[in-house]
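I am attaching a structure below and will ask some questions about it afterwards.
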Amino acid sequence: MADVLFAVIQVCMVFAVWSYLYKENLASRIATTIVISISTVFYFMSNMIRVWDVAVIPLTKGRFSMIIPIVLGLLLYTRISKTYSWLSAYSYSIQLGLGTGATLTTLIASSITGLISSTVLKPFQAETTLEQASGIILLIGTILSLTYWIFTKEATGWFGWAVKIGRLFLMASIGMLYAEDVLWAQSIFVGAWQIVIRDFLKNIVLGMG
Amino acid sequence: MAEKSIWQRIGTIDYRLIYLIVALLTAIPLWSPIGTPVTVGPNVKSYADQISDFEPGTVILCSFSGYMTMLPDVEPIYLATWKLLFERDCKIMVLNSHVDSPAVIKEEFEKIKPLENYGKEYGVDYMIFPYQPLPTATEIAFTENIRSVFEQDFYGTPLDDLPMMATIQSANDIDWYFSSDASWGNQRYTIPFGVKQLCWGTGTGLLPFVPPYYDPVIGPCYGYVGGASQGGELEKYTGLLGEGAKINDAKNLGLVGLFLFVIFGNIAYFGEKYAGGD
Amino acid sequence: MKMASSTFWKRDLPLLLIIICAIPMLLWRYIDHPVIKAIYEEVGTWSSIISMLGWGLAVIYLFQGEYANMRQKDDMTTKISFVVLCAFSFLLVANYFITGGLYNDAYQWWYTAFYKSQSQAFYGLMFLYLCSASYRMLRARSLESFVLMAAGLLYLMRSSSMFVLWFPWSRGVGEWIMDYPNKAATTAAVISMAFGSVLIAVRQMIGRERTAIEVA
Amino acid sequence: MGLFYTNRIVEFIWLVIMFVSVWYYIRKAMNDEPLPKIRTIPATLAIEEGIGRSLEMGKPVHFSMGSDGASLTGSGMSTTIASLGMLRFMTKNCAMMGVREIVHLPSQGYAIPLVEGAVREGYLEAGKPEMFRRGDMHYYGNLTAAFTPGVYESFAREGVGLFVHAGSIITYSFPVLEAAKIHGAISVGGTPRWTATYIFAIACDHLFIGEELLAASAQISGNKMLTSGLASEELWKYMAVGLFIIGFLLQAAGIDFASLIKM
């Protein structure tokens, strides 16, 4: 019985959302509201339970340093008050400070020097002429693509051509990103159809499961 | 009002018709599969081969970001990878990186049955961390000392009570890191600790970020599999068949529909440009 | 005098705190000292705890916004929507106390039945939107749009076993686009983005990035 | 055991150059010395035009930094700060022209006060703090599947003249941009998140490609201190191009460039 109810709820939710393609309606609105409440409350509770485990319980057991993040977290709620909202700036400062320092630790090695070195090496690692030529295209393409993000020089003359060719590389990548997302969205679409066809029609209605 | 030319009509098909045709093309094979053969790509082979070459005792940290919405896209990859990993003699730690992930992983392990099918015991061969968001600073603390962030596992057992954790203290003790993100997500492990990376379940547009970091010989990313179609390829290559191969047909026919409409759009554009409004 | 003191507490001290927190975090990369590591181990989790605690604000904003919306508009749909919001939120909280956890089967039954199907159905729609947008936008109007379209379609062909069966060359071409032109553009994008990130981080560390503090 | 890691020297030199160059250009800006001129980024002009158009049409302007576009750590942090700058600029312009602005909040609860603060500051700069209405800040929970229909519904209910969608945006936002188009709005947007750039290329009237968003935010602020940062960033880009070329030549000459750069 629970399986039947489960499949029915699922299929109702799917069609409530898809009815949206026709126009916005009460069913689609309710489906959305249910998900808003589920996602917010579930995430909130999950986080609060975790705060209890990693901060409050250790605090009660004598790890007094945990009072600092708890107070800083609570200070965020001063935003609700007009008079004391400036206190939340301390929470943000500490968050930003920790984030800034931590971000800088690996960014240069991974995303700057690491990428420059792997791009430069590519033509030299090639085993065939095609791979070697492709490696050189990669190197030139990277330099030309980078010119697109140079803002202090007007894109005219030779630099204009460099930017134009660089843009073609960017467009090829954007095209690929688009295709990748089509594939991803299609998988999810198939998943939704599975709920209707496999889980509901075949398993429940026709009893083929 | 001037009547529309043939080109204009081809170029302005009602979007609802497009929705209907593509939706039907996707749904038909789900009812009755066609059975298109799957060909396996080089990156999928490289990914599976790397896992097959794992030495006994290899320590793996799996950053598991599976959540319910994206499961149709990546679950075939996850399931095939779990099976591959459980066939080896590895120590697996699972780091949940999405609020849904603990529920998903519980369900996946119930399907796989590590103890019954592979003789792998919780706490001895694999373990799961609880879900906690890990901002960069927290993640670095985790790499320096796992216990500074997690004192207990997902079930509330202290880490020190899990036999497999006796020798695992920090990222220095981790050999391989599995993650969906090759660019930002891997830095804290690959750069300071030289942990090798494999990318799995790289959906939602993360796949194009892999090539700058991917090299099957020098890394840091040694292999990747992303998207449902590659899930099917992984299943075929490893012989661990599942849902990935089944939904292949639906994906194929849906794409045929999309291609047809793009061709129509271009015929309309060039027809109007060169043949005018006739 | 009072004004100056107020500026110190409201603007200068927060800026100073950013610098004080950021420096040891960064030094961890360059200095091999147990004190720096100990700082990370202690302070690292703070970041996570602060952001987790902040999620309560989301709940406040959600209910406040929906309530204001209901008061503002006098239509039945908004009222029903508000009632559903309250009812489901209550149900989820009550369910936790009844079933004793968030990840047990009883709790997850509710969560999965509603949330999984809705979200998959919704994201699935994106495929249909992408199909209609492809039809409308993927037209070879210029060299750039041709390149975008060709790269996209070739990559789709490479990823579909049916197309690979019909056009076996598409696999190699698709892989090549992914491994070279895409890699070139992605590498450049990542490098320039990294520069942007470093710039903001450096500005914060020398106390010259005020955007977030001014608005906080 | 030494105090310093000796295999991170090149990386450390980069970092020092970055700090020094930022400091150098900040000093120049403080002394009112001329800075390199930044080319106009076309999409920034479209924002002002769009606000004017919304005024003529009597429709509100909508802003969103994405459903989870307010990260305060990692690579998303710089984007969050750039988006806040853009929001502040937009709010100021809307307030001066008397156009209503609706903001669709990101899911991160802890970041909501920052977004609200940017809006308040914008109204304050325009001298119209009373225009701030919390009812015009909409929150949709922690899921894009809820965010997108929420924004969609808001477009249908309130109307939309201009939609600015800029921040650390993920590809799920595509339907939102489609909706703006359906409701007759001008859409301007972009993200430094490379994977999501295509949605703007396909669905936006004016777009910021990649890091252009960060530059645009500095440019529209009109703040010399912010544009000085861009000048130092340009220097790093030239350095990177130089390293690509030098690295290639060294490697061709048989010198191991990879080892040199990882020193």
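Per-chain numbering from 1; labels A, B, C and D assigned in written order.
Keep in mind that, in the parts below, a contact is a pair of C-beta atoms (placed from the backbone, for glycine too) under 8 Å apart; a residue touches a chain by one contact, two chains touch by 3 or more.
Quick caveat: nothing in here was measured; it's all calculated off a predicted structure.
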* To do: Could you tell me which chain lies farthest from chain D when each chain's centre is the average position of its Cα atoms?
  => B
* To do: Between chain A and chain D, tell me the centre distance in angstrom, where each centre is the average of that chain's C-alpha atoms.
  => 16
* **Separation of mean Cα positions, chain D and chain B [Å, integer]** => 29
* To do: Quick one: report the Å distance separating chain A from chain C, using the average Cα coordinate of each chain.
  => 4
* Tell me, which residues of chain B touch at least two other chains? -> 19, 23, 69-72, 99, 132-133, 135-137, 139-140, 149, 183, 192, 204-205, 208-209, 212, 227, 229, 251, 254-255, 258
* Got the chain D residues that touch at least 2 other chains? -> 8, 11, 72-75, 77, 109-110, 112-114, 140-143, 145, 149, 171, 174, 194-197, 201-202, 210-211, 230, 237, 240
* Asked: Which residues does chain C have that touch at least 2 chains other than itself?
  -> 25, 28-29, 42-48, 50-59, 62, 111-112, 115-116, 118-120, 122-123, 125-128, 130-131, 134, 148-149, 153, 156, 159, 178-179, 182-183, 185-187, 189-195, 197-198, 200-202, 205, 212, 216
* Connecting every touching chain pair, does the picture come out as line, ring, star, complete or other? -> complete
* Asked: Tell me, which parts of chain C touch chain B in their complex?
  -> 25, 28-29, 37, 40-48, 51-52, 103, 108, 111-112, 115-116, 119-120, 123, 127-128, 130-132, 134-136, 138-141, 149, 153, 156, 159-165, 171, 175, 178-179, 182-183, 186-187, 190
* **Interfacial residue positions of chain B with respect to chain D in the complex** => 69, 99, 135-137, 184, 204-206, 208-209
* chain B partner contacts - residues on chain D that touch it in the complex -> 72-75, 142, 145, 170-171, 194-196
* **Residue numbers on chain D that touch chain A, as the complex places them** => 8, 10-11, 14-15, 36-39, 41, 72-75, 77, 109-110, 112-114, 116, 140-143, 145-146, 149-150, 152-153, 156, 171, 174, 194-199, 201-202, 209-212, 215, 230-231, 234, 237-238, 240-241, 243-245, 247-248, 251-252, 257-258, 261-262
* Structure fact -> Residue positions on chain A within touch of chain C in the complex are 2, 5-6, 9-11, 13-18, 20-21, 26, 29-51, 54-55, 65-66, 68-70, 72-74, 76-77, 79-80, 86, 88-108, 111-112, 115-116, 119, 134, 137-146, 148-149, 166-176, 178-183, 185-186, 188-193, 195
